[in-house]
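Take a look at the structures below.
You will see two complexes here that share subunit A, one where it goes with subunit B and one where it goes with subunit C.
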Partner chain A sequence: MTLAPGALAARAHPFTPLVVTAAIAVAAIALPGAMATVALYAATVILVLATGAGRAALRALVPLAPLWLFLFLLHGVLGDGSRVTVAGLSLSRDGLTLAVTQGARLGAIATASLALYAAFSPARFVDAVAERGWPFSAAYLVVATLLALPRFRARAVVILEAQRSRGLRLRGSVINRIRAIGPVTFPLLLGALAEVDERGFALETRCAAGTVRRTALAPPADRMADRMVRWAAALSAGAAVVWRVFG
Partner chain B sequence: MNARLLALLPAAIAINLVIGGLVNALGLPLYLDSIGTILAAVLAGPAVGMLVGAIGQLLFGLINGYQWIPFGLIQLVIAALAGLAAAHGGFRSSSVTLAWGLLTGLVAGALSSVISYVLFKGVTATGTTAVVTLLRQLGWSLPVAVTASSLLLDLVDKAAAFLLVGALVRALPLRMMGRFPRAARAVGR
Partner chain C sequence: MTRLGFDDVGFTYPGATVPALTGCSFAAGAGAVTWLTGALGAGTSTALLLAAGLAPMHTGGLRTGRIHTLGLDPAEDGAARALGGRVALVLSTPATQLSGIAETVAQEVAFAPANLGWPRDRIHAGVGRALEALAIPHLATRDPTTLSGGEMQRVVIAAMLVLEPELWLLDEPTSALDVDGRALLHRLLRSEALRGAAVVVASEDADGLATVADRLVVLTAGRVALDGVPQDLLRGDRIWDAGAGSTSIGTLARVAGVAAPRPLSVDEGVARWAR
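After this line comes the complex of A and B, so read on.
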């Protein structure tokens, strides 16, 4: 979690941002036309700002910028159909509409998911899952992977540096670079498999694979407001699907 | 699910998510984001591989945006084919592994092109989209350009991923092989 502890998204029940993000993704795919999708993107950005995860809207621009550029090039510039001239540039009218619709869809989904990541607290999520009586292994898989990622990334950097220092060429001809794939990936893969053994024993001693219901020490509060937000989000997504199908 | 599988899954998912960064450092047009899926399918069966692919895609979406979630379907297909290959000794030699990798690349590329065209209007990962844009400028229609670029990149990518996993599984120490009996069948022992 990278939010201030007082932020609304950080205080919400862990399932609330999950359901809201899923609802935004469903609505983004279901809503037809440029106007509706642009409105959804705007609403998502406002929601993210209001809940204290505003930086996610900015961070989402990093993956979105190249996508928007290629949408503009592929559909706006190279698209078929009637043409319109904008600032001396001949653009496809239908292609532009398609690019804006798709760009807004991707914008809404990316912004909501990065806000969810910013608000996600592994410890609170495990407690919330335990409180519901859901299998511990499901929560463990999500949380253990999220915690393993920085460790694996750090190990990958160490491997790259070690291989460079022993003279492995990571640049140059394509053949050289293909030859380097093994030396940079094998240590990471073998290290991961060696770790599986140790962790397997550690998990066994903690009965991690057991099916007995666990008791959460400090389960996050599931307030009426949280439940209402989740229902409203699910109903809105359902309404968007109905609008798409019957509208 | 036993404790060893519970330990294998996060490692395999992390491999899927991290190894792409390593390959990026080499400047090669490969994703290699299915190595963990293939490895899990070979060591513990296609169902485990599918679980790795599905959870990996969910977590990738959490970190990078859920817009790519439909591509999770491809991970399931890769796990199924890797599991099938392992059951038939498909990792016993480099040439057999390459054949299975190319077959998987063909299926994954075909599926990827449908998802790219129908859901993303041809604009997905930057490398693939750059090829699509180039082909469009050469006068190819959008569906043909998307199909050609997806097939080309997936054939190379999945063949490389299968070859890597094959070399790794063949090099596994006997002690480790004993813990994952399916791996022994995959390499024909």
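After this line comes the complex of A and C, so read on.
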């Protein structure tokens, strides 16, 4: 979790951001037309700002900017149909609409996902799952997967530095960079596999595969507001699907 | 009372042509510290994995002979569950022994008791005691992945200590510890034995374990070459023939041509050379 402890998204029950993000993703895919998807993206950004995860909206712009540019070129510049001239550029009207629709969809999903990632607390999530009496193995799978990325990145940095100190050239020509892929990737993968083995031993001896109901160390409060937000998010996503199918 | 028994045990890893253990027999009793040592590849780590039931269950391979861990064959169905929380295994790489999901050291130490469904009060009290015993209460709120190797090793040991296990299996537990950490661990091993636990340590730390262990088992190429009182074996020549070594002073005395029985500590060395 990278949010301030007092942020609304950090104080919410762990299932709430999860359900809201899933609902946004479903709605983004289901909602038809540029207006609706742009409205959803705007609502997502406002929600993220209001719950204290505003940096996620900014961070999302990093992967989104090239995607938006690509969509603009693909659909707006190279698209078919009636044309409209904007700042001396001849653009496809339908293509632009499609680019905005797809761009807003991606924007909503990316922003909500990064906000969820920022608000996610592994320990609170595991406690929430334990409190419900749901299987710990499922919770572990979710948490370990989310936490694997930063660990993998940190390990990659160590291997990069080690290989560089042993004379591997990582900068310069494309050929140099391609040559460096093997010496960096193979130790990374082999190390990860070895770690999986040893972590498996550790989890086994620490009773992670037990059949007993796990104790929630500090069960997060599931307030009425949390439950209402989750229901509202699920119903909104359902409504978006209904609108798409029957609208 | 025997807590761990190996009777004519053999084990070969998948794809290996040479067995890691052959005809290996030894026992570890309650209230005693049993020290396993040997040259690289002697089979001490394999013996611990077999005792914990992780080999061959997780490693694959073929085991022969009989093992009883707290009265159960650890390779039998259901044994892992029955032994859960009663056997503590500490490996030499602390970073891979972390649960991977704890945000604080306190949560890390509480991981196994929580999995066993202990009541919250008991968990919190146990975590506090374990952190105190390893002299790391100040790390309770730290992210375990940001700790130094030595701190991480203490956390991993605390995460086992909290369970108050009946059998300890430790593989090079001092690999990342500093001098103070090693001394602390040695005191802890003795106090655990005093509590009635059986402690089995695979280590080459002769300086530390010479005065801590009650019994020394030396493996050579997967076989028990020597089994006896550490202070006796470390002073003689047979331990060198078996591929293991003695304490720093014992090694120095041997290199200096001192005949067995050799001194094992500085005090003994001074007394010997003063004569």
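For this structure, a couple of remarks:
Here is the rule we go by: the second predicted complex is superposed on the first by the 228 of 247 C-alpha atoms of A that agree within 3 Å, B and C clash if a C-alpha of one lies under 4 Å from a C-alpha of the other, contacts with A are read in each partner's own complex, and residues count from 1 in each chain.
Operating definition for what follows: a residue touches a chain if its C-beta (ideal position, glycine included) is under 8 Å from a C-beta of that chain, and two chains touch if they have at least 3 such contacts.
Keep in mind that this is a model prediction, so the values were computed, not measured.
By the touch criterion defined above, A:203 reaches both subunit B and subunit C. Legend: residue contacts after superposition of the two complexes on their common chain; A:195 is shown touching both subunit B and subunit C.
Contacts of A:212 after superposition: subunit C is touched, whereas subunit B is not reached.
Applying the stated contact rule after C-alpha superposition, one finds that A:75 touches subunit B and leaves subunit C untouched. In the superposition on chain A, A:140 makes contact with both subunit B and subunit C.
Once the two complexes are laid over each other on the shared chain, residue contacts for A:42 go to neither subunit B nor subunit C. In the superposed model, A:123 makes contact with subunit C only, not with subunit B.
Within the superposed three-chain model, A:180 lies in touch with subunit B and out of touch with subunit C [touch as defined at top]. Residues 140, 144, 151, 195, 197-204, 208-209 of subunit A are contacted both by subunit B in one complex and by subunit C in the other. On the subunit A side of its complex with subunit C, the touching residues are 1, 121-123, 126, 130, 136, 140, 143-144, 147, 151, 194-195, 197-217. By the touch criterion given at the top, residues 49, 52, 54, 58-59, 80-81, 84-85, 87-89, 91, 93, 96-104, 107, 110-120, 123, 145, 159-160 of subunit C touch subunit A in their complex.
Interface residues of subunit A, counted against subunit B in their complex, comprise 21, 25, 29, 60, 63, 66-67, 70-71, 73-75, 78, 98, 102, 105-106, 109-110, 112-114, 116-117, 120, 137, 140-142, 144-146, 148-149, 151-153, 156, 159-160, 170-171, 174, 177-178, 180-182, 184-186, 188-190, 192-193, 195-204, 208-209.
Of all residues in subunit B, only 1-4, 6-15, 17-19, 21-23, 25-28, 32, 35, 39, 55-56, 58-59, 61-67, 69, 119-123, 126, 129-130, 132-133, 136-137, 142, 160, 164, 167-168, 172, 176, 179 touch subunit A in the complex they form.
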